[in-house]
Amino acid sequence: MSGRVLLAVAVALVLAAVALTRVLENQYYYFATYVILQYVVLATAWNILGGYTGYVNFGSAAFFATGAYTAAVLIKAVAAPFPVLLVAGGLVAGLLGLGIGYLTLRLRGVFFAIATLALAVVLQTLVVNWGYVGGSRGIYTLRPARVPFFDNYVEFLFVVMVVLALGALATARWIERSWIGRGLVAIRDNEEAAECMGVPTLRLKLVATTVSGALMGVAGAPFPYYLTYMEPTSAFNLDYAINSLAMPMIGGTTTWVGPLVGAVLLGAAQQVATVTISSALNLLIVGLVVVAFVILAPEGIVGLFRRWRARARA
Amino acid sequence: MFSLDLLTDAVVAGILLGGFYAAVSLGITLAFGLLDIVNIAHPAFVILGAYGAYVGNSRLGLDPIVAGLLGMPVFFLLGMVVYRVYYASFEKRGDESLRGLVFFFGIIFIIEVSLLLQYGVDYRSVDAAYLGATLELGPITLPFRLAIPFAVALGLTLLLHLFLSRTFWGRAVKAVSQDHLALRLMGASPVRVKALAFAIAIATASVAGALLIMIGPIEPSVGREYIGRVFAIAVLGGMGSIGGTLAASLILGVLESLTSTFYGPSWALAVSFGILLVVLAVRPAGLFGR
Amino acid sequence: MTAPVLLDVRSVTKRFGGFQALGGVSLQVFAGERFGLIGPNGSGKTTLINCVSGALRNDEGAIWFEGRDITRLPAHRRTRLGIARSFQIPRPFGSMTVLENLCVPAEYATRGGAHGADAAAEAMEILRLIGLDGKARAVAGGLTQIEMRKLELARAMAVKPKLLISDESMAGLSSAEVDEILAILFALHERGIAVIMIEHIMRAVMRFSQRIVVLDAGERIAEGGPEEILHNAAVEKAYLGE
Amino acid sequence: MVRDVEAGYGAVRVLHGVSMEVNEGETVALLGTNGNGKSTLLKCIMGIVRPDAGEIVLEEDGRRTSLVGRSPEEIVGLGIALVPEGRRLFPKLTVEENLLLGAYRREARAEIAGNLRFCLDAFPVLGERRRQLAGSLSGGEQQMLALARAVMSSPRILLVDEPSVGLAPILVSRVIAKIRELKESHHLTVLMAEQNFNQATKIADRGYIIVHGQIEFEGHSTRELAEHELVKKYYLGV
């Protein structure tokens, strides 16, 4: 598909989403779809670093929560307008990614992974001890009374998430096809050879951690309005950490399509499972599926599909 | 607010706690430091061990430490199996870095959520007659709840040290990640050596878990708090040195104890991460690296 | 030699632990020269080129390139200045196609580099020259050994280097294949690129090199034309022992 | 002992039908400059590289044991030890730990005390540095340690891959002399791959010259090998 076709599809999707809000009344669907779309952003963001470059981030929850709490603070302090929340959330989380990357990326990749793992725990500790945002008791956020065009704030947030998901996918696709993406993949394939081919490896890795972190922060920024009441446990929920890496792993990590496929499939399945079974059991299933995929189908669904198509052709 | 008594108590408690941290970190020192297997699920295995001790204690009336020791063979076998799967799926294909990490991350979830489904989010604890008692040594008060885990942890550390330095298997374990081929030329199979060492690493989690639940009540997700700690200790301790692990554990224990005494317990967790980041940034070989 | 000095290695020393791999090696390579670097195993050839390409940092001494000190530059900056290398054991970007493998240096190594279609066109031209154009769309991880060796050289060419270091590009190849690689290196030289050839296949080195430097145990023991080197007593001693 | 062996890495064929034999108690030199297949041949014997064709047989007391298809561990167990190219010590273990690991094989554990005493006597420098990390030794000391470590496994056959690499000339002759000393004291059979012609022929009974993966010349005595002009031609491959 060419870029122009995809752009048309994207515009159509946004319009369809807006149109949907005129028709569909049941609020549950907006909530459920919002969650899935949020995972599309997180999975895509994770994949920019983890899939293209091969550096594993276990701290997605930390970046997501950074976006969410940045927004919460701005709402409480200056009642900042919505677009400012997105930008600020992305900026702060991006800086966090840059900082962690700068400290650990010159070492072996596992140290980056471990640092992100610990980062989530520690940021949560900081927030729990931060009285201004309510500590462990949490913080209430009042939604603006009205938004133009929409009769309901949840519908507005839903459309925002559609736009953010499309934006994340566009970013990933652009990176993947540009010289930056090629540089990132070269790093994953052989870092030393990449350096000898003129690729500034450290700088590119920092670009990837920053962009990846920023997108996760953006995904978290609407969170206070979505929940209206937010506490550390929900913002730092490990669901985010496991899902944002499970989804690309299941979908396929080499292209921007993989995380999308994984997020939609796994996200939808979880929504169904949460309603019909328990949410704990559904996390267990995610864990099992992830382990099964990394062992049996390391290329994910997209990889399986490609292999199947190649075989069909031959 | 500040007093000498408070300081003494905090330091003593920190040393006792640090000894316990060593027991939790030994498995990481073995797996990560010596075998190059980044087993981020180790704390989850420790939690599993804690629930094993809980079951042994509450159902069978066993002493928690006895339960932990009895659990070792089971954990040993579990470790063997996990390593075999890991080897066949990742190490053999040379694909351990990214997907191997995700594999262990998945294991964390499987263990944690299984425990959650079975035992819920309630805190569980164990009973033993001596747990409430204390030992008074002049001005120092030693609560048995901390002192016994400390003693057991020291014993475990010593045993592991002896194993690594005095036996043929132990020396092979220390050598295996340095040069696979050279080890084969000595007549030892690297896969078997690694399977044994990884199994031992997991077996230590059974005892460490029993100690954990003696110190205080636990619920399934407590393991996450230990991820930062154990890696901070392993890195600080110089990756693979048993003595370094013990020293780093004691330092971390004392620092955490001082932090929680003077700033409040909710800050203690931030200490390990702070240390981890500083060590990674300043001296990645660790303080006790050789 | 009237050509200007391109690479100037000034008493470079490198130690690994207690082991001295290079003990103050100096040598100069002139622009557009065909240069041979030989020596027995362990004489420090690979260490020396690792220091030149920036994969290792030398302990003492300096490395100058085109009249500027590059001793402290990271590897990718040196590549951009025009130093390209191939690896002894090929290190392709395995998940990319052959063409994409060449796009990486085309986009990164040349100042203001070509992008997108331009880079691909450039890459294609190099593949034609090397005789890999038929494999442009193949995934690099699945190439045969000789194809990977050629890809190594093609990728190094895409850097548009002034100096190409060929590290044992022929080891283990049949003699017909050796001739193929040799022809490629001659073709590169025709385009004005200085080539450092590190090789054990004497036949190839003697045919290719205008000037040869011999290393032994981390020291430079001889320098001269192929004939001179063949009849040099020190070289004979280094290879045959004393 | 080795017959018609062809081997290589992936599509690269390094050995083209190599045949040679080493008799009990002999010291045989495998000569050639690098890149000609000496190391690959030793790796085939040790089971590190699996030959594509041909056979490798150990004959002992009338028993024939095929080595092809066996793992290096098994081959070490049969009493063959390799001092590998590049020494391959365990740099972060002490000298003593390296030596003790050498005695990992079951048969060697019984003789560990005697072997250790012997090694420390034969290589006094290792005794002085017992507690030092192997990685901190100088090149010559590392080569001595590699030799000693191989002897710790009580082998009957010792394969040595390029002991002279990276050593100053004075050290080369010392290492070569040590190999002869070990051979005599332990009644070893030695196959030594070496590029340093003059040093190798000092202790070898006879030798082969390998060029481009083929045996080009078989010298039945050191004198035959020392026909210099011919050797030079084969050796430098010009």
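First chain written, first letter: the chains are A, B, C and D, and each begins at residue 1.
One rule holds in what follows: contacts are C-beta pairs under 8 Å (C-beta built on N, C-alpha and C of every residue); 3 or more make two chains touch, one makes a residue touch a chain.
From a predicted model like this one, the values you see are computed outputs, not experimental measurements.
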Chain nearest the overall C-alpha centroid of the shown protein atoms: B
Most remote chain, CA-based centroid, reference being subunit A: D
Contact-richer chain pair (by C-beta pairs counted) among B-D and A-B: A-B
Inter-centroid spacing, subunit C versus subunit B (mean Cα positions, whole Å): 49
Between subunit D and subunit B, distance of the C-alpha-averaged centres to the nearest whole Å: 43
Centre-of-Cα separation between subunit D and subunit C, whole angstrom: 31
Sites on subunit D at which at least two other chains make contact: 91
Touch-based graph of the chains, sorted into line, ring, star, complete or other: ring
Pairs of chains in contact (touch as defined earlier), listed by label: A-B, A-C, B-D, C-D
Contact set on subunit B toward subunit A in their complex: 38, 40, 85, 89-90, 95, 97-99, 101-103, 105-110, 113-114, 116-117, 221, 224-225, 227-228, 231-232, 235, 264, 266-267, 269-270, 272-274, 276-277, 280-281, 284
Of subunit A, residues touching subunit C in the complex: 178-179, 182-183, 185-186, 188-190, 192-201, 254
Subunit A - residues contacting subunit B, complex: 50, 54, 56, 58, 103-104, 107, 109-111, 113-115, 117-119, 121-122, 125-126, 128-129, 238, 242, 245-246, 249, 278, 280-281, 283-284, 286-288, 290-291, 294-295, 298
Sites on subunit B touched by subunit D in the complex: 168, 171-172, 174-175, 178-179, 181-189, 290
For the subunit D and subunit C complex, residues of the former touching the latter: 8-14, 33-36, 85, 91, 135-139, 141-142, 162, 164-169, 172, 195-200, 212, 231-232, 235-238
